[in-house]
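Here come two complexes built around subunit A, the first alongside subunit B, the second alongside subunit C.
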Partner chain A sequence: MAKMSYNRKANLQRIALLTPGVLLFGIFNFLPLVALLGLSLVDWPGVGSADFVGLENFRKLALEPYYRDQFVNALVQNIWMFVLIIGSMLLLGSLLALLLSFGTNGRGAYRAIYFLPYPLAGAAVAFLLDLMVQPRGAINTFFVKTLGWWDAPIGFLGDTDLALPTLAMFYAWHRMSFAIVLILSAIVGVRVILLEAAMLDGASRWRMLKAVVFPVLAPAFVLITVIVMVDVFNNADYTLLLMGPEAGPLRSTDVLGTFLFRTSFGGSATSVNVNFGMAAAIGLVTAILILPAALFLALKNLRKD
Partner chain B sequence: MHKIFSLSRKEQLAVQFILIAWACVVLIPLGVAVINSFKPNLGEVYRAPLALPSEWTWSNYAEAWVGANFGGYFLNSAIVSLSVVVIVCFCASTTAFVLVRMPFRGSALLFACFMIGVIIPIRLALAPLFTIVKGLGLLDTLTGLILVQSASMMPVAVFILTAFLKSVPSELEDAARMDGALPFQIYWRVVLPLIRPALATVALLSFVQAWNEYFLPLIFLQSSELYPLTLGIAEFRAQFSVQWHLMFAGILIMLAPTVIAFLLASRQFIEGLTQGGVKE
Partner chain C sequence: MTATTGKLVLAGLMASFAVEAAAQEITLYSWREQEIPLWEHISENNLVDGVTINFVRIPADNYDTKLRIDLQDGGPDMFQGRAGAAWLKSFVEAGIVAPLDPSIDLSALAPATLTAGQGADGTQYGVPFAVQMESILYNKGVFEANGIEEPKTLDELNAAAEKLKAAGVTPFSFGGRSGWWLNQVVGEVMTAGLVDDATAQGLIDGSVCFTDPAFVQTLATVKGWMDAGYMNAAPLADDYGAMRTAVALGEAAMMIDGAWSSGPSSPMYEIDPNLEIGFMPVPGENGKVYAFGDGSYLANANTEHAEAVNKVLAFTTTKEFAELFAAKVGELPVYGGDYAIEDPRLAEIAGLVANNSAAATPFFAYALNSGEPSYGQLVADGYQELLNGSITPEDLAAKIQAGLNSWGYAGAANCQ
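Coming up: the complex of A and B.
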């Protein structure tokens, strides 16, 4: 009898322990994700009644010029931004990690300095670097006045060709240490025995790098690419912070995240094309675009246990 | 350090050159912010952004803190971040404890639901999330923001804690159970002390994430007296974009807590980065 009551109490307590976490996650995270499916099938400005429209939102996204042009523009620019970010992070990150892996003087100090931007808020990085690249900011002052290399200041964020690459460089500045840490730990993980064997074979340092070190970098590269990809395709903070929801100049910095934001809340006060159904459809399409990368990441993490 | 890794003098010189170059790229923006934030007036910031101040003064910090209300924003950021840390640590550790040590029919399914949260970023579900928060009457309240930010951290936190709990033996808990201890006691007396290292990582990750979050407050807050620093500084910039001296001071006020947190716990940070790097 006493045993029964222990089990009952234990069971009740188990439920009590599980409830807060499940409710919190369920209501504010899982439910919205599931609701994307239903909401993407309606036309609804956020208040009043919703009209069921079936797959109309997806059709508009693919065919109606107003939505299609914005979507294609945002997608292409998002891909371009991703390529710039991942290219610079992998190239520079590998170079720096490789140099740090040698018996370099002051390795610890360099690593600490390189890691400094990582914990900073995206808002702090955006505004700080914006002040650097402003026409009257430090970079332009240095190259125009101090060195005299440039005739006139360059308006990095005011130029339709330069704005998006500038934002990509802001991102790379912020997250470079992430690439460095992952690549460095891969390099350090190469067994010294392997390197010794290669050296006994009389391999040059370059051949050794090619045969032993580069192959172990592949998994680190894939991991960095996937994580950055998931982030860059849903997070539009830099554009929102510096360019606003209209993603100026002339939508040249528009990415999927800002397009989604505009569709939910409008770009400016006068916006009329606010549609939560369409916003859900855009969210769903974006989720499907990054799903392969995200799934890969999840499986890799689960296998690690 | 093995001799394959040692460098000749010439090589060392070339390597140092490149490493210093990147260190400059990292440090110069921060250095420029620091020197300009101590300048006595705006004119000096515009005239010579790269020069040291003619006179070092704290007045910009004082003006930003009081005049631009960064003090108020700072307090809101602190309330939100600390609440998120407490809620996430509590909810994620109880959830992980039940899922790992007291599994039931459906617990694997429940874990899979949490993993969906790891895979699909909550930002994409902006519209339904907004509808739910509005329906609960939590729009434009710190409570609503805290719950949303906590929930967004839950998947990663549950993932880190379940992985850790699986890796430690359950002997102590079994012994406590033999002595008739109930789950509450086991959780509080045995499990919580046991998972402390992983909990520290979770706390640090959620603190930094919550402090740095810009997007969720942007969606869920409207009244400026509730703004955290990220929104407050954006608001300030929209109104007084020419006040660079105050912008620099404000940026440094905003980044100080996370940099300090990083300096105090750089090891957990890097661990968190490699384990919890699942989600930004």
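Coming up: the complex of A and C.
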């Protein structure tokens, strides 16, 4: 057998290492995506025959007010929800990670407390926090009855302006430790010699953070942003669990995930136009909308490394 | 097949021969665990002559999925369907469900329940089962403690609410966060109480518009309760569960709900085991409760045991079945005539349904729900807007009308 060149061997190794991942990704992610493309071209209630309708689902989504208005509303609210979540996760996450990095007394205990919610199931977190914000829940009882600061309980999830931010805070609370861990490990990764050099140059603490620590944090920020973005635009567990597929009050918590769910399985018992094809179209359009942003951020991250 | 035919011929002449013939087994799919004792009893006692029923219970969450998959390869001989034409539509179109055999006589059943097994054009496909009643449910203890008798008019109801409010009790508990409750319960109960049957039927067939004062009054009454402070502080923030909790705790006196909340397994008794719940219609001009069939027994059109299936279906229309249903399932059967019920709670519900339930069921009417946005959708959204204080009853009625007009429902031409 002819002796393999080093390059050939290296290439074979690469292929061998990549194949399992590509196969898994292909079977469970890529093929369904292609199938989704086919599904988006039919009108199908999930039983019986599917009617081929071409691009009709996409046309309806773009032009028919019934679908278009819901889509635009869900998209705008989804973006707003994402901004609220990522803003609070990065700001509070950085703050808490910084505090943990300072060698505060009992930081091990703090870290454990911050990490506690993360392993909980989304449904458990949803119902737990729902108990907190209900009109007869802990927060309202505390402010109305114990302190007497509020005259009447605030209906957090019943107010069209407050409901979505409340759900966003549920999400941020649940995943905060994920941000803290990533940011903290980045902070820990800051080389001490750089900090010492800065200190010798007489830099203030803020100046050190700005010039030495934050540049190291950027990749962690990007990673958190991409992962949270993909999750927030594709899932709708909190809204579905607490507000139902109708995403009340008055659709004020509707996001792309609930719109998709409602279209494929129906919102109420009287939904007759359930259409898996339309739901597939919504899924595809969502994917296309977030793909550029996700790619841009991911590639930017790669280049820096 | 020969055995079956022979058996049928003999059955009329000599019953004993039929019993000796080999029993046929048919399969019945259901999501209702509570019916297991009923069907076991029927099979064990051979109540449907020569037929044993293999009752297969599938959890509600994946009932539709499992049923649809199994039907692609024969599937069960019979299955239970959820109420209304919307659910039946795809099964009818796929040729799985055919019109009910004309030999099965439904005339003994309560007329309002029939729509549970009807298609869009009114064709009867299944035999309905289980009547559910919706009305005002009230905490009897709270009424007694405040010296309140069951109100018989809207004025009396408002006076009672005023008295309760003064005593620090929330008169009406509303769970507006649950959209399904708003359209399936509140909208229907208010209509049954305030809109006379003929007008309600007119709303369905399009001869009466939703801007009709009678319908507007249903919305205005709810808004009136809210504006007068008769409701919980944030009706949109409480969901269905919170609504029931408030009544069970006695913090609130009344709610609009289904009689199922008073059933033996209701979570309200976990809060107060001694809770006593009373029922009354919204005491308006029509003053009726709302009743509907919960679903229907359906025959698989492709079954090899069509005759046995029809015998079972025919049995479900009888008084004997109704009495068994009440005793074994603990729910109200769809039978329209007199039959014996031992449970006093069920007996009270049965009395209300038999003597005083509204004939029209707009929520289940295919004519109002065959396009998007459907009536159910518009009502759920509309009540949320109403409880949010962002629309007047008149504007909401006009909005519901415009929504239905947008897909050309039956009354679109009449109600521009």
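Note that the second predicted complex is superposed on the first by the 260 of 305 C-alpha atoms of A that agree within 3 Å, B and C clash if a C-alpha of one lies under 4 Å from a C-alpha of the other, contacts with A are read in each partner's own complex, and residues count from 1 in each chain.
By our rule, a contact is a pair of C-beta atoms (placed from the backbone, for glycine too) under 8 Å apart; a residue touches a chain by one contact, two chains touch by 3 or more.
All values reported here derive from a predicted model rather than from experimental measurement.
Applying the stated contact rule after C-alpha superposition, one finds that A:147 touches neither subunit B nor subunit C. With both structures placed on the common chain, the touch criterion links A:250 to subunit C but leaves subunit B unconnected.
Of the two partner chains placed by superposition, only subunit B is touched by A:123; subunit C is not. Residue contacts after overlaying the shared chain place A:260 against subunit B, while subunit C stays out of touching range.
Using the contact criterion defined above for the overlaid structures, shared-chain residue A:136 touches subunit B and also reaches subunit C. More residues of subunit A are in touch with B than with the other of subunit B and subunit C. In the overlay built on the shared chain, the residue A:32 is in contact with subunit B alone; subunit C does not reach it.
Once the two complexes are laid over each other on the shared chain, residue contacts for A:13 go to subunit B alone; subunit C is not touched. Of the two partner chains placed by superposition, A:200 touches none, neither subunit B nor subunit C. In the superposed model, A:63 makes contact with neither subunit B nor subunit C.
When both complexes are aligned on chain A by C-alpha atoms, subunit A residues 46, 136 touch subunit B in the first and subunit C in the second. Within the complex formed with subunit A, the subunit C residues making contact are 64, 68, 71, 82-84, 86, 89-91, 93-94, 176-180, 183-184, 232-239, 242, 245-246, 363-364, 366, 369-377, 380-381, 384-385, 387-388, 390, 406. Within the complex formed with subunit B, the subunit A residues making contact are 6, 9-10, 13-14, 16-18, 20-22, 24-33, 35-36, 39, 46, 92, 95-96, 99-106, 110, 112-124, 127-129, 131-132, 136-138, 141-142, 146, 173, 176, 178, 181-182, 185, 192, 195-196, 199, 205, 208, 223, 227, 230-231, 234-235, 237, 240-241, 257, 260-261, 264-265, 276-277, 279-280, 283-284, 286-287, 291, 294-295, 297-298, 301-302, 304-305.
The residues of subunit A lying in touch with subunit C in their complex are 45-49, 66, 134-136, 152-160, 242-244, 246, 248-251, 267-273. Interface residues of subunit B facing subunit A in the complex, by the touch rule stated above, are 1-2, 4-7, 11-12, 15-16, 18-19, 22-23, 25-30, 32-33, 46, 48-50, 87, 90-92, 94-95, 97-98, 102, 104, 110, 113-133, 147-148, 150-152, 154-155, 158-159, 163, 166-167, 180, 182-184, 187, 208, 211-212, 214-215, 218-219, 229-230, 233-234, 237, 244, 247-248, 251, 254-255, 258-259, 261-262, 266, 269-270, 273-274, 277-280.
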